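In order of appearance the chains are A, B, C and D, and numbering begins at 1 in each one.
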Amino acid sequence: MDYSLLKQFVAVTATVGLYSVLYKENKFYRFWEHVFLGLASGWALVILWTDVLKSGWYEKMLGASAADGNTAVMGYWPYMFLLPIGLMAYTVFNKKHNWLSRIPIGIILGLYSGQQFSAWMTYYGPLLNDSMKPIVPNTAEFFHPATVVPGTVYVSDALTNLIALLTVISVLTYFLFSFDVKSKVLHATSTTGRWLLMIGFGAIFGSTVMMRFTLLIDRMYFIWIEFVKQGLLHMK
Amino acid sequence: MGNQYLDTGWFMMVLTLVMVSLILYNISRAHGGKDLYIRRISGLNAIDEAVGRATEMGRPVLMVPGLSASVNAKTMQAINIFAYVTRVAARFANPIMVCCADATVLTVCQEVIRDVYQQEGLADQYDVDSVRFISDRQFAFAGGVAGLILREKAAATFFLGEFYAESLILAETANSVGAIQVASSTELTQTPFFIAACDYVLIGDEYYAASAFLTRQPVLVGSLIGQDWCKLAMIAMILCGTTFNSIQQRGTTTTEHKEGKWVDLPKERLVLAKDTFFSRLLKADPEKNIKLDPPREKLPPDQLPSGGPAGGDK
Amino acid sequence: MAMDQQAAPLTLAEKLQSLPKPMIYGILLVVATIPLFFSVKLPNKCIDPSIDFYAQAMKLPDGSKVIICSDWTNSTRGESKGEMEALLRILMRKNIKFVLLSIGDPQAPQVAKDTIREVTSAEELHGGKHYKEFEDYVNLGYFPSGEGTIVSINNNVRSVAQGKKDFPEGSGPKDALQSPVFEGIKSVSDFKMFFLVTASSTNRTVLERLTNCPMMYMVSGVMVPENTSYYASGQLKGLCGGVKGVYDLENLMEVGINNPGPGQITSDKYKGESIPGWPGKTNTGKGTAYYLALHFTLALLIIAVIVGNLGMYLSKRRAN
Amino acid sequence: MNLFLQVDPKSFWNAPHGSTELTVKLFAAFIIGIGIAVGLTFIPAQLRKWVVRFVTFGAGLFYVLFWIFPRPISRAPTDAPRGAIEGMSFWIADSQPVIMTLTNVIAGFMIGLGIYSLLRVHFSKIAKQQRDWAFSAVLVISMLLMVTLGYADFLQRQDPANFGLADQKNWGLVNYGKDLLFDGLLQNMDAGMFSIVAFYIMSAAYRAFRARSIEATILLVTALIVMLSLMGVVEFMWSGAIDSISKDNGLIQSFKLSAISGWLKGTIQTPAIRGIDFGVGIGLLAMGLRLWLSLEKTGGEA
């Protein structure tokens, strides 16, 4: 048995092991689940150094030399301060000093929250703009003709834009929390909002199903075509 | 000075600041002791019921704060809700389990959950292993949590936070052991799956409103009302923009805005969406070749960088 | 469960409403497998986002430079690999050099490189060029801090490649910035397009932060609705979503846009233009292989939903 | 000089690679860091909250400045700033590449906590020989194997002399072992677990997609239309039927499946999602603001 076939065999066994949970929880599944968890955390420890700390911290801290022995990149020693900061998190299991763990968390949360303002701005600007489509037609034609003149708002466009506008607004109204929904208009709008949401969710469901099934089909392709047909039976 | 904002436009910056001040103003208003109204959110009333049922059955309550790569606003919100759930569970002396997918989230959860037990005077009931790290790899995490749900027969499950494809693995597994489920994903694409498989789902913004509803902290209530004002402001802006655009797009134009300047068009044409006033306000057109006048001086030779991340545009 | 329910035999309505799960799963397994053994070319209608994607990619000048941000791994192989293959075929046939990087997963660069190797050797069979690492594409590897990296790309793309090593075939590591791909690149706007092939939330990371380069996304099926919104607002020049998008691209590569002939694909948006395809070359891949099975599984789901509702309707009628 | 500008020129904040100066400074930094951490433990309880607040605010302030402070324009790498304001804007632009790595590095140091929590649970199971302890042993063994082989493989590949390892012909036992564990098992288990979702979609849709209420019916019908439109064959036949009725009538033409589903997506789904998104965006903005200013009590009160 050559190596690639062995690799496929192992992979197929593991896949079947995980699939077995569909029938019921069993020891075979439990075995593969624990292998999976073990490998995953082992791998997390590997890439912690190889992909995060080594290039992002250690090498920058120590700098580098060029081939001729001169310094190519200066060592940046203040990075060393990050180690004690990170280590502070380990006080979390200590009853007395656990508050220190809030300092690294505070830094992470601070860096995150500081970015929210610019993120909001760049993200929502174009979306707001796109929600302001014209709702008054500038021609009497209803449907798009064969050649569309740029800038023309056909009646069907205007209607579509109007529905889209009402959708955005009624959904937004549905998410108003500090208003009493006893008001009839507000109640009607937010009920409509909920119905429109369901259309949105239905459409998401429909398109997601495609992906999930594709992944299953891909697994079946792997097991039956790549492993059984091409690997074991050597058929093209 | 204004030039520096050309890539984003000054208007969105002002708008962001307006939103921020609306929220801050309402927080200070709530601090002033005003009693402010928030409407009911149906999924949240189910929390007490779910924990109560878990107690009756003598089975654990399982909570998952999502799959975020490190603590952020989404996980903090989940943890705030879990603090409430834990409080209820602690009073009933019901076992809990929190499954984390990230070490920083684990740290915060440990801290918060222990605090809750201490505040309730039940510090001896707190089990360090009830808050555990499963894996930071998406599907290993899903497999591990699914295994836990099946073996521990969780009676109530709370999936709140950032969930991706694993949402349905968790929700269907919990459904198969008959758990009562409250769920919300900040990823809208997962919401329909939670709707299909869970008992109560917090949709979209309801998730961010939950902690205000549960705890009634003045800061949170005030902030929630501020958020409502922001949403009203956005509705007003959309309506205003639509009206403006509708009027403007009925006309024609002979000039257009290109790379920060007005240029004449060869022929008069209809106003396009990109020509409208609001479009230029919201999507500022970056001006390419800005000249600096007078030019900058050069750095002295001993301070010259030899390349590398010294940045700035171009 | 109530005991008496088990005692009494189930009526048809009840049976239809409570098919055992293992049975449903078993049927799904069979239905997803059998069509894979048959290769059938199904009729299709290309959607606009795919047509835009193809047209915009084809309009890139031959020999120009682009960035590919590849954020998928084997767990979404079924969709993302097909997308990546289609993208690479288009770029390689147009001799476009690219920078490869990933902000989504440490494993993504390796998976992408394997795909590049497969596609380039398949292309060579048809007289295509052999794409060499470092010469024709440069691999910057994985960047753990996605947000910051995209901000840096937007501000100063060279700073991102600073200090990164690439491994040309058959020799030791070299500085990525010395690669011909970075020749004449001063800022990100010197790249003609930013392609993101993703199955995770990096779509928003990029969308929020990259302003100086046009973008096109290739996303998994689940992300289509969300990204359609960005496509509609013009933030994305084109969008290829899921296996349907891949099947569209494979068809477009075969016949192009607005070219008369069998299986012609027309587009009003590109009226008067004719965008060529590559008939005769290997254009089909995972999209064509999986599309038939997808039909059967989708049909099965629809039938299951109908059966459940039929059962509910029957039992309601009995109750009345 | 800029603390966060890590490249040359030589300043107080950097030192040549491999020099004694660098070693001394690194050592001093570590001692000072630990010293500060120890010193913090003596801070009176009522001040602790303020330390955390201050740190959070400071960290957030950088990105707020990065956003709000004018950016340098047309800047060449050799340019000197033209005044205090531009000096600040240069400083911010130069610091960003360093600041952006902080989260990952700090979070990286914390991963040990996660592993500790995991091992604690499983080692205590093994030690007490509780139910399923053998599986815990499996977990620990696979983790050790992965770590050992992963690092061994990585170190081999680090050596520039080993560039031949890119070709499978030159592999040794370590490389095969790592490939089998990672590529053969871990990656395929990822894909396997992911594809399980397809089964769950099937059962969830079968169980929950019943036309019980108006909402459920709407959800069901939309999902069906979109799914049908994704099936090329159905779509093809449907549009064939529509075309056979009339090729020019705009009204009839818009009943094509792709037209309906496209219209649904464009007119209702996209705006609906956008509506939620606007709300969520504001929620996130408010939460970010509260976190930055440490306005809310984590954990909340009863």
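In the analysis below, a residue touches a chain if its C-beta (ideal position, glycine included) is under 8 Å from a C-beta of that chain, and two chains touch if they have at least 3 such contacts.
Since the model is a prediction, treat every value here as computed from it, not as a measurement.
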Most distant chain from chain C, judged by the mean position of its C-alpha atoms: B
Innermost chain, where centres are averages of C-alpha coordinates: A
Distance between chain centroids, defined by C-alpha means - chain B, chain D (Å): 14
Distance between chain centroids, defined by C-alpha means - chain C, chain D (Å): 20
Intercentroid distance (Cα basis), chain D paired with chain A, Å: 8
Multi-chain contact residues (two or more partners), chain D: 6-8, 68, 93, 96-97, 99, 101, 103-104, 107, 110-115, 118, 132, 186, 188-191, 193-199, 201, 203, 205, 207, 209, 219-220, 223-224, 227, 230, 265-266, 269-270, 273-274, 276-279, 284-285, 287-289, 291
Numbers and ranges of chain A residues touching at least 2 other chains: 18, 21-22, 30, 33, 36-37, 39-41, 43-44, 50, 52, 56, 73, 89, 92, 102, 104, 108-109, 112-113, 115-117, 120-124, 126-131, 165, 168-169, 172, 175, 197, 200-205, 207-210, 212-213, 215-216, 218-219
Residue numbers of chain B (touch at least two other chains): 7-8, 13, 16, 19-20, 70, 73, 76, 103-104, 107-108, 111, 128, 134-140, 143, 151, 165, 188-189, 192-193, 195-196, 203-205, 209, 224, 227, 231, 234, 307-314
Contacting residues of chain A [partner chain B, same complex]: 18, 21, 25, 29-30, 33, 36-37, 39-41, 43-44, 73, 89, 92-93, 98, 101-102, 104-105, 108-109, 112-113, 116-117, 120-122, 124-126, 128-129, 131-136, 138, 149-153, 161, 165, 168-169, 172-173, 175-181, 197, 201-202, 204-205, 208, 212
Chain B-facing residues of chain C, complex: 21, 75, 152, 155-156, 159, 162-163, 186-187, 200-201, 211-212, 222-223, 225-226
For the chain B and chain A complex, residues of the former touching the latter: 8-9, 12-13, 15-16, 19-20, 36-39, 41, 70-73, 76, 103-104, 107-108, 110-111, 114, 128, 134-137, 139-141, 143-144, 146-147, 150-151, 165, 188-189, 191-193, 195-196, 203-206, 209, 212-213, 224-225, 227-228, 231-232, 234-235, 237-239, 241-242, 244-247, 249-250, 269-273, 278-279, 282-283, 308
Complex interface listing, chain B residues touching chain D: 1, 3-5, 7, 13, 16, 19-20, 23-24, 27, 69-70, 73-74, 76-77, 79-80, 83-84, 87, 100, 102-104, 106-108, 111-112, 115-116, 119, 128-129, 131-140, 142-143, 151, 165-166, 168-169, 171-172, 175, 186, 188, 192-193, 195-197, 203-205, 207-209, 211, 214-215, 217, 219-220, 223-224, 226-227, 230-231, 234, 290-292, 296-300, 302-314
Complex contacts: residues of chain D adjacent to chain B: 5-9, 68, 70-82, 86, 89-90, 93-94, 96-98, 103, 107, 110-115, 117-118, 120-121, 124, 132, 186, 189-190, 193-194, 196-197, 200-201, 203-205, 207-209, 219, 223, 273, 276-280, 282-291, 295-302
